[in-house]
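What follows is a pair of complexes built around chain A, which joins chain B in one and chain C in the other.
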Partner chain A sequence: MTKNIQNKSRRDFIKTAGATTALTAAGVLGAPLVARAAGSVKIGIVHPVTGWAQYSGSQARFGAQTALDEINAAGGIKSMGGAMLEAMLGDAQSKPEIGAAEVEKFNEGGASAIVGAYASNICLATTQAAAKHGIPHVVDVGVSDKIVSRGLENTFRFGPGFGAVTKAGVENFLAINAAAGSPTKTVAIVNEETTGFGAGIAGIMTKGLAPAGIEVVEVLSHPTPNKDFRNIALKLKEIDPDVLIPSHYYNEGVLFLRTLQRQKVQPKAIYSVLGGASSQFRFVSEFPDAAQLVMDCNHWFDPSNAAALALQAKTNAAGLHFNYEVFLAYTAMMFTVDAIERAGSGDRAAIMEAMANSTWEGSIMPYGATKMDNGQNTGARPLVTQVIGDDIKVVAPADYASAAPIFPRP
Partner chain B sequence: MEFLGITLPSYGWPTIAGSAISGVFLGSIYALVALGLTLIYGVLHIINFAHGALLMLAMYAVYFLWSTFGIDPYLAMLIVVPGGFFFGYGLQRFVIGKASHGRDEIILLVTLGVSIVIENAALFFFSATERSVRVPYDLDGIDLGVTWAVYPELAALGGSFLITLALWVFMSRTDTGKAIRAVAKERQGAQLMGINVEHIFAVTFGIGVACVAAAASLLVPTYAVHPQIGSLFVLIAFTVVVLGGMGSFVGALVGGFLIGITEQLGRLYLGESLGVITISVIFILVLLFRPTGLFGAKS
Partner chain C sequence: MNERTRLFGWILLLVTLAVVPLFLHSARWIDFLEMTLFVAVLGQGWNILAGYGGQYSFGHALFFGTGAYIQALLQVKFGLSPWVAMWFAVSGGALVGAFVGYLSFRYGLRGSYFALITLAFAEAFLVLSRSLKSITEGGQGVQLPLNQDPEQAIATFQFNFAGPFLSEYGFYYTIFIILLLAYGLTAWMERSRFGAQLVAVRENEDAAKALGINAFKVKMGAICLSAGITATCGVYYVQKFLFIEPGIAFGPGKSVEALFAPIIGGLGTVLGPLLGSLFIHGVGEMTKATIGQALGGRPGVDLILFGIILILVLAFLPRGLVGLLEAIWKRLTGGRNA
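Showing the complex of A and B:
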């Protein structure tokens, strides 16, 4: 009897334990799925918030998080019955391999989409890792043309790539130069070469400027991070080009422009293409003399857009700087959310399809309707800005200009 | 001009001379960071991975003294140098010394841990935002003909000589300096002679951190402060210490200049990225012919 009871008890125990385990497993594993369907959609936000790109990465994270918070405050995803967006934050530590590892965590955590990852080399790694799991990945800042030319169906970029920005930079520069009586005969390019975002600038510039009789006399590349620009300043003194075209990240941009100032290198103009510091309010406020009259062909918001100005006020109120990282990441998140809204689910494939077919027009950027071609928004375009006094003005193209360019520098 | 099959660019002598001079200024910065390290690493053989983090912390202290109280970075030295000494003393006496129990491999891990804690605490409290000091003399300087030498660079150069001299005098002429050397050479023997080894270790570490604090004051007018700034200099500082000779202050100074000039000329001819390999080349060459470094004593 005892044996029976013991046997029965053992069987009962096994049954009960099995059922409990199964229920627990269902509860643990199933709960997020249920929660996701009913109440939330997870979005991975990956940026380098430590390491050499920490400043810009933190700025970008703020932009993406702000967009996400605004959507949630406005009632979440309407087509999913008000499902809330849930941010999964990742730190790429300014290293591509760490960024890729963060994507693996997002996948395990059930992210429906990813927004990130600031630097081109990190974006190349994160998009590839996301492709492995079929997670749609919207690149916010990374401009390397390689990002959208690898045939990855999951990869989308809402802003313009490096090639498009450089071509626009050439066109706008030629127009500004011609309007000033064509004083430019020679230019020198100073670009970063570590993350590869500036690869090909010399080729595009040489080809674009040659018909106007402007020669690219020197291309001076440097690593990122870089702690000293004196050699480059010395070379520029010897070459003495009419115009300097820098293209690098914020820290290097600040150090470079300050070194030029210290070494009394004074070209007719500094016309950056994706210059890290050249159109940053923070640089203007901290080093107004070094920033004065520096031009930059870069990502820039539509200055007449009320939502853009509201975001600017919110960014300033948070003690941050309204730089391109903020509004590009913000826009990338908004583009992602629009796709989720139209997909009506957190399903990765459905979101990807919605992104590929997007015609979204609600952006704070001067882009018009979205049209994706192999993951690249072909409507995206940069603007040319110039630091005038304590402000940054749009000086080209004319339809967005808020001031006339001062070129060459007096 | 060709070198190892690579066609090198040709520059006029003003550019070459200017580059060499800029190497001296860069070298003075390396030397400044290396001087504190050579004391800790070279004399006590503590591989202090927290050296870069301590430099960063001192730079933040200088920055906040400037931004909060308007204290000039150079005057801030009067506060951060003693502050650095006491911080370093406490760190060695109550954290590194206690946790490591004198075992080298544990010291290495503890200093690595301290560095991670300091860097992440800085990130948490100060954020990733770079902070720059603006001083009125930032752009003023002397025209050397081939290049401009601005006052912050000249101050760093002068500071590296003064700190070297001060350390040399301290180590060779004072009782504490002699005690440090005694502990470095024969710990047990020093203890038997009545020297408090733990105290001397902490004093040495404190002086090393005080040197870093002085370096921070001299660096802040040129370099923006952020939680990763230390890592830009610390690896090269380790190279400078070994190249100059472990524990040699003159070696750290000369090694700093040698590395600085080599790096700048390498960058001039080989490009900004590739040129950095010249540091490794000169490092290997020196160690091949002088295994103890330029000014290192034979054991």
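Showing the complex of A and C:
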């Protein structure tokens, strides 16, 4: 009896599983055809919304999707008679090969352009896969300069790369230091060395600071993830540098700055370059004391731009944090849409040409008129922010500053 | 299942795999098949050591990463042709396998101790690849120069811009050929004296030794073969994506991928890793296209369903999908050819 019941249920299980498999297979194979809708332009949005980069990927997806929704609400692509934009969402699962597979799906689904894919290693794979099919791909965040140095005609990055951010980081710091009477003589760099962006910081900073007579007395590298910064904090306490320059991801940034606070390490300034937490509203709201007066040279929006402030309100209303992932992805999508508008069609080659020749000025970022050189927007630059009270203010360069830098710290 | 039926089944399967992309006319599904075959080869590498030899490794990324890094660095730093570099990469992977094997088997490490030492070596290589910046470029990874000249496609072993046929099918047939070699080698091993000795060591090492089998030598042979096949996957990965960094090379991701396919498909069988990989990728794609699409605003729900299906398979099919196929065949033929 028991055997019968077991046999029957197993058979039923196999039958049900087989039927489900067949139905879903039909669904999968038929999906690209069903998805095609008339009078719309499809844009692939690929981010790591699961896996290790899930938080940032989800933030970036929100930014891109919000831009797309705003364009549709404003009447779509005017030059195409009000054609609506249709998002094709892809999850790279924080793996480059999955990101590339998502691009293949976008190609089959008829995407006119792609926006994504947050992490540099995923961007390298997705841009390459998109190039194979001639699909214009706008990189939203990926800061590795390798992304735009391979001669791929389809690849564009609207924001600044790692080299430009670090160079601006040195220049802005020297300007702030000089304005305060050059109190900085020694600097210590604390950088993550696991991924591309943190690994190159120390060399560029050391080289840039030396002509101003500022000595880099210590470079303390750590892996990502890193669960304990006590040794590094104690070492810093012993060296007592005038200024600390950290560079790491969000979790490490939070832990590092909190450890400094607990160990009472109090340099004249903490000046991050691409600091993971140093200019994040989430960090400021959760740990306001640890965040106070921390400066960061990073991606930042034009604080006087009304559209940027509206996006900030929208992001907060959605229960998310208005971080660089949101406004970079939002801007990358707006840049893409502007190119489609000027191309007047969903033709990939025409959009690519429009992107290459773009002079778009409507961005919420402090980049001025767009000028693409080998796919890199040459006007893209970071700003220096400082946590003052419960807000994050822009303190340099002067033409975008919303507050004067508090340096050295009182 | 008799030999003739088995052979017929294999021929049918391989011919299907050889011709199916030509009828698909879909880069998306060809890419899907490519990655399926890639994991099938990765899984076969693990299966030789764990499935046939009973030496469970938790760190096969060590061999994958070694192959990938040697392939990339020899081209970038020394300007070697990828066709030359690949022999060093595969040999390098096998050598690392020999090194780990010698240290482990020489001192009688088995079971969970061997699993831990492979995991430890993979972690050590992960740290080394991040630290030895002058050699490995550290966390920035190694990027191969991109070739966009169709005439140089074969010379550079890059098919993305290789003209109509190669750009569409080049990497598919590359991994298909690698699969044929890896599976052919495994099938040969299964029938050879070496394979029989390996299985004997898996079943009872002491008894095998008592019968005069040199267990150390047999296990060394298995780990070298396993590592070499896994390193070939590293070569393929680098040529396809033109980029490798420590996390991808030596992180736990590839180790897990390598063991999942044979465990689901059927441990210690030639077909198991391929069936397992087809199942994992097929189910993954279907859950993504159904549940994932329906709940687009909630990413990851499809992965939960995928996980549940995997648990069900592991719970109800202890011999994997190969065991299920054999049971079905037995029922169909009334046990005549079982």
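The working rule: the second predicted complex is superposed on the first by the 366 of 410 C-alpha atoms of A that agree within 3 Å, B and C clash if a C-alpha of one lies under 4 Å from a C-alpha of the other, contacts with A are read in each partner's own complex, and residues count from 1 in each chain.
Methods note: contacts are C-beta pairs under 8 Å (C-beta built on N, C-alpha and C of every residue); 3 or more make two chains touch, one makes a residue touch a chain.
Predicted, not measured: the structure shown is a model, and the values here were computed from it.
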First (chain B), second (chain C), both or neither touched by A:Arg381: neither
Chain B or chain C, by number of chain A residues touched: C
A:Asn251 touches, of chain B and chain C: first, second, both or neither? first
Partner chain(s) touched by A:Val49 [first = chain B, second = chain C, both, neither]: both
Partner chain in contact with A:Ile232 - chain B first, chain C second, else both or neither: first
First, second, both or neither for A:Pro96, with chain B first and chain C second: second
First, second, both or neither for A:Lys268, with chain B first and chain C second: neither
Contacts of A:Arg348 with chain B and chain C, given as first, second, both or neither: neither
Chain B versus chain C as contact partner of A:Phe287, first or second or both or neither: first
Partner chain(s) touched by A:His222 [first = chain B, second = chain C, both, neither]: first
Chain B/chain C common contact set on chain A: 49-50, 54, 58, 193-194, 223
Complex contacts: residues of chain A adjacent to chain C: 10, 13, 21, 24-25, 27-28, 31-32, 49-50, 54, 58, 89, 91, 93, 95-97, 100-101, 104-105, 107-108, 121, 124-125, 128, 131-133, 144, 146, 150-152, 192-196, 198-200, 223
Chain A-touching residues of chain B, taken from the complex the two chains share: 11-12, 14-15, 18-19, 22, 25-26, 123, 127-130, 132, 134, 138-139, 141, 146-148, 150, 223-224, 226-228, 232-233, 264, 267-268, 271-273, 276
Residue numbers on chain A that touch chain B, as the complex places them: 49-52, 54-55, 57-58, 193-194, 220-223, 225-228, 230-232, 234-235, 237-238, 250-251, 254-255, 261-264, 286-287, 289
Touching residues (chain side chain C, partner chain A) in the complex: 26-28, 31-32, 35, 127, 130-131, 133, 138-141, 143, 145-146, 148, 160-161, 167, 237, 241-243, 245-248, 253, 282, 285-290, 292-293, 296, 299-300, 303, 316
